[in-house]
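After this come two complexes, each holding chain A, first together with chain B and then together with chain C.
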Partner chain A sequence: MIYQGKQNIWSDYQKEIPHDHWFYVRSCIRQSFFPASEYFFVKIVRDLLGKDLYESKHHTTCGGIAYHCDTIPQETAMTIVARQFALMTEAGYKNLVASCITSFGNYTETLETWREFPELEARIRENLWKACRREFEKPEYVAHASDIVYMLRNEIAEKAKVRLIDKTTGEPLRIVEHIGCHYSKMFPHKGVGGAEYPCVLSGMVESWGGQVIDYPERRHCCGFGFRQYLVKANRGYSVSNTHKKFESMEPYHPDAIITNCPGCPYFLDRWQYVISEQTGKTYGRDGFGIPVFTYEELAGLVLGYDPWDLGLQVHQVAVEPFLDKLGVAYDPDAKYLGVNKEELLKPTLPTVLKCF
Partner chain B sequence: MPDFGFSLSKSSSVSLDSLDLGLYGELERLEPGVKTCMACGSCSAACTASVWSGMSVRKLILNLQRGKDVEKMLGSCMLCGKCSMVCPRGINTRHLILSLCRIYKKQ
Partner chain C sequence: MDYFEELNKDYRFKEGFHTCINCGTCTAVCPAAEFYRYDPRRIVSIVQTRDNERIENLLKSDTIWYCGECMSCVTRCPRKNGPGLVIMALRDLSIRLGFFTESEKGRQIYPLTKALNGNVLGLGYCIHPSTFRFEDHPESGPVFQWVLDNKETVYSRLGANYGRDGAGALRKIPREDLDELKAIYDVTGGSERLELVEKHSRQKAEEMGMNMEEYTQYTFSHCSPGHFNNED
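And now, the complex of A and B:
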């Protein structure tokens, strides 16, 4: 094959991500799971790298969580999405960036549905006008926040205080990447690398000095699956999915997991505690678990922010062994101090999984 | 252990490297038609016994290909032969069931 031909084929897998001027929409569940992640996304992209990122205080949930739990019909979810588009239009922006993977999937699904069924778009416009007297223009570009960090990965690497290297051995840290299903499986061509070469997270890890670890169940779901977790009787499915992933990655001894979805870091993190209690097994070294990070947390660590400011104390799995490998300084006594330096309640320690 | 109200399900993953396919191999020798099965499920749809017993020739073949035991399911078959009539590949499913019974009897 001639070189230009290969270049043409490869270009199909690339995303032309606009460099600036973004309307940022936060996630409803991330703000309770890992609240510092979104704060640091804004801090890194807007304050550190000087990009134009706009937020509206009128923004609400995208409706994706209710839609995927089958509690609202798609038309309702689309009308909520239309309202977010109206907020973006009113603010004068054309590029939408979603913090949540499900929001990204929801926005993309809405736009693709309207492309296929224009009469539905007309009806949603009418619904929105009747509901709140708003009109909107469709965004020119919809990205996930991890696309932006992927685009800026080399700028972040230039400003890095530490690299993803084991300071005792000098070897790259072994990182497992886990891409959210609603990013890579609903509309694979909308993600960086498409279905065949999804590299949104592996690109970050490699730019920041780490080594990406492949393992058999790499593309398996984390187990959240909405109703799998939200209906208590189904939670066995959720934890079994996670268990399958950990059993599969265990022989490769990863140092950490990086994720770009709200649910994945939460469930890969919390289920390690449940699995340890139910089976007596832990997957990290010396009785610890494998720490799970959002891409903003990992970017924050690389950029030298304080681990407790990044909210790493809200993780179930202890992050201290990873911080020690990375050579990041931290104050163990400050772990459970809030942002105002007031003492937070200390959690009860698990019986099997080693934590601090 | 705390009572979470839910527990891990048994893994259904199949390791092709560690499977014992002796039973399936023996069946292939006695009823070579089993190799042509495309798992369409017509046999299961037509099965009289499936409604009350979960009998399914399709499931039976798949389980054998995964090295699982199917003796319990065999007991549900009434040998009515409807599955043979509907099989688009013309597999003699009745003979397949009888062959399996003979294999188990020998064991």
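And now, the complex of A and C:
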């Protein structure tokens, strides 16, 4: 009886993710900071696993960052979202997948608000027609890109070249997961596992052989806070929140962090650099930091792709100690080459955080 | 003007404001309250009084600008309130009434508005490497300085379609799509909002004896003492 009750409760936290035919919309932050992750999302989902994933060159920002920095009215943000829906409809798709967590939250907030207030949906349709002469069907399903990788995690595991195992000790690598706030804190029923038991990333880690590490501030925000990072005067908020998380996870000695939000891998990576410069403290072993990966980067490593093709050279925290534990081959001399393998002047090194 | 009634027209307020029982759960989980002198419980409590003078003080204060809109409070409120959504409605009203220039954190709306909407309307992105200035973002680290110094080749190396036609990351958004974004701003009040922020910020800059370049830099960079919990 108790077991059945638990099963019923757990079923409330599950998502029925459609298996195929997706209209893909990109993330402003990920394109700027981790473009290879989006490249490998498409490569893995479309080319390797054969799913239908379509991108329109006409889609734009969803306006989510401008909206959450309070610089545009809600109707402006919703009408930009409606335009993305129109592009999806025109392309013949019903399932929308967003690369960005802020976008995922923005699309979900729009649809949920329209559900509560149909008169607002009617006004946005009118706005879109006036502005763009476009009409749309609402998506039948909105997913975050990490939902798709979660859904395909076992297929990825079947094709894995390596597992998340320390090749020296044979023990599972210790992975911390960090889920972006707008994935399931606003609308818990829209995230795999809800807000209480989000398993979108831990499910990937476990499928690929790693061990998920719990720690007290696991669900604390990375500290992006939109205006709290984008305005220079406010960045104390941002770094302080990241610092709180690292102080909390430090005693558990994670080998790496996996994230699903555009901002989180950037902040958790870069603020380690800033904390090291300001205080001299580093959180990894031997003066290194704790590497922070997107789920596509970790999937790519498991599938055997070259670390520099995956874009790991644009992390500030060195990834090499993690690659060594994993037993992944890489060419140190190829790390900072250009697209035609031309030599480029290498980045300068931080004063404290150990890098290559 | 009855501020409470104005707030009540905002759909975020309708979604996020029910009866607050003042339990303080929102403040306990709030990443902003941890570091800033900020208490979302108190803000919702003030709004709940419907006291026009107290709400006006809020609209002119720094406190409504401390929230990071992470919405951690939405998950935890036992009464299904969303203090973060109430904050969004308060900020919107503060901007519409021009009250945002009365506080240091409110004045930051100016550089944010210029930068983000310049990117949206000019490029089709909220954030874009071509307008991301390393000198404004030293925390992005030497590795990102390297990326910015070698944009064309590094972004191509990373699989992007930087500044070119077609699909792909960092592609050039076609002119006709940027025109549609502009039309959306015009129809939905976005363009009017930009003009309003510009007008009030110019007035404030004049009061403060600054030209707009100085005002932009000052509001972007200056942090007075007194915002943080750990200050005397």
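Note that in this section the second predicted complex is superposed on the first by the 349 of 356 C-alpha atoms of A that agree within 3 Å, B and C clash if a C-alpha of one lies under 4 Å from a C-alpha of the other, contacts with A are read in each partner's own complex, and residues count from 1 in each chain.
We take it that a residue touches a chain if its C-beta (ideal position, glycine included) is under 8 Å from a C-beta of that chain, and two chains touch if they have at least 3 such contacts.
No experiment lies behind these values; they were computed from the predicted model shown.
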*With the two complexes superposed on chain A, say which partner A:165 touches: chain B (first), chain C (second), both, or neither.*
neither
*asked:* If we overlay the two complexes on their shared chain A, which of chain B and chain C does A:220 touch? Say first, second, both or neither.
replied: second
*May I ask you to decide whether A:179 touches chain B, chain C, both, or neither, giving the answer as first, second, both or neither?*
neither
*In the three-chain superposition, say which chain, chain B or chain C, touches more residues of chain A.*
C
_Touching partner for A:278 - first (chain B), second (chain C), both, neither_ = first
*First, second, both or neither for A:240, with chain B first and chain C second*: both
_Partner chain in contact with A:111 - chain B first, chain C second, else both or neither_ = neither
*Applying the touch criterion given at the start, work out whether A:101 contacts chain B, chain C, both or neither, answering first, second, both or neither.*
neither
_With both complexes overlaid on chain A, does A:232 touch chain B (first), chain C (second), both or neither?_
both
*Of the residues on chain A, which ones does chain B touch that chain C also touches?*
232-237, 239-240, 244, 274
*Okay, in this complex, where on chain B does chain A touch?*
1-2, 4-9, 11, 13
*Any idea which chain C residues touch chain A in the complex?*
10-12, 14-15, 31-32, 34-36, 65-72, 74-75, 82, 88, 91-92, 95, 105, 108-109, 111-113, 115-117, 119-120, 124-129, 132, 136, 139-147, 149-150, 153-160, 165-171, 173-174, 176-178, 180-181, 183-190, 193, 197, 219-223, 228
*asked:* For a test of understanding, state which residues of chain A touch chain B in their complex under the given definition.
replied: 232-237, 239-240, 243-244, 247, 274-275, 277-279
*asked:* Using the touch definition from the top, list the residues of chain A that touch chain C in their complex.
replied: 26, 28-33, 35-36, 38-40, 55-58, 60-61, 63-66, 68-76, 78-80, 83, 105, 113, 116-117, 120, 127-128, 130-132, 181-182, 184-186, 188, 195, 219-221, 223-228, 230-237, 239-241, 244, 270-271, 273-274, 308-309, 311, 313-316, 336-340, 342, 344-350, 355
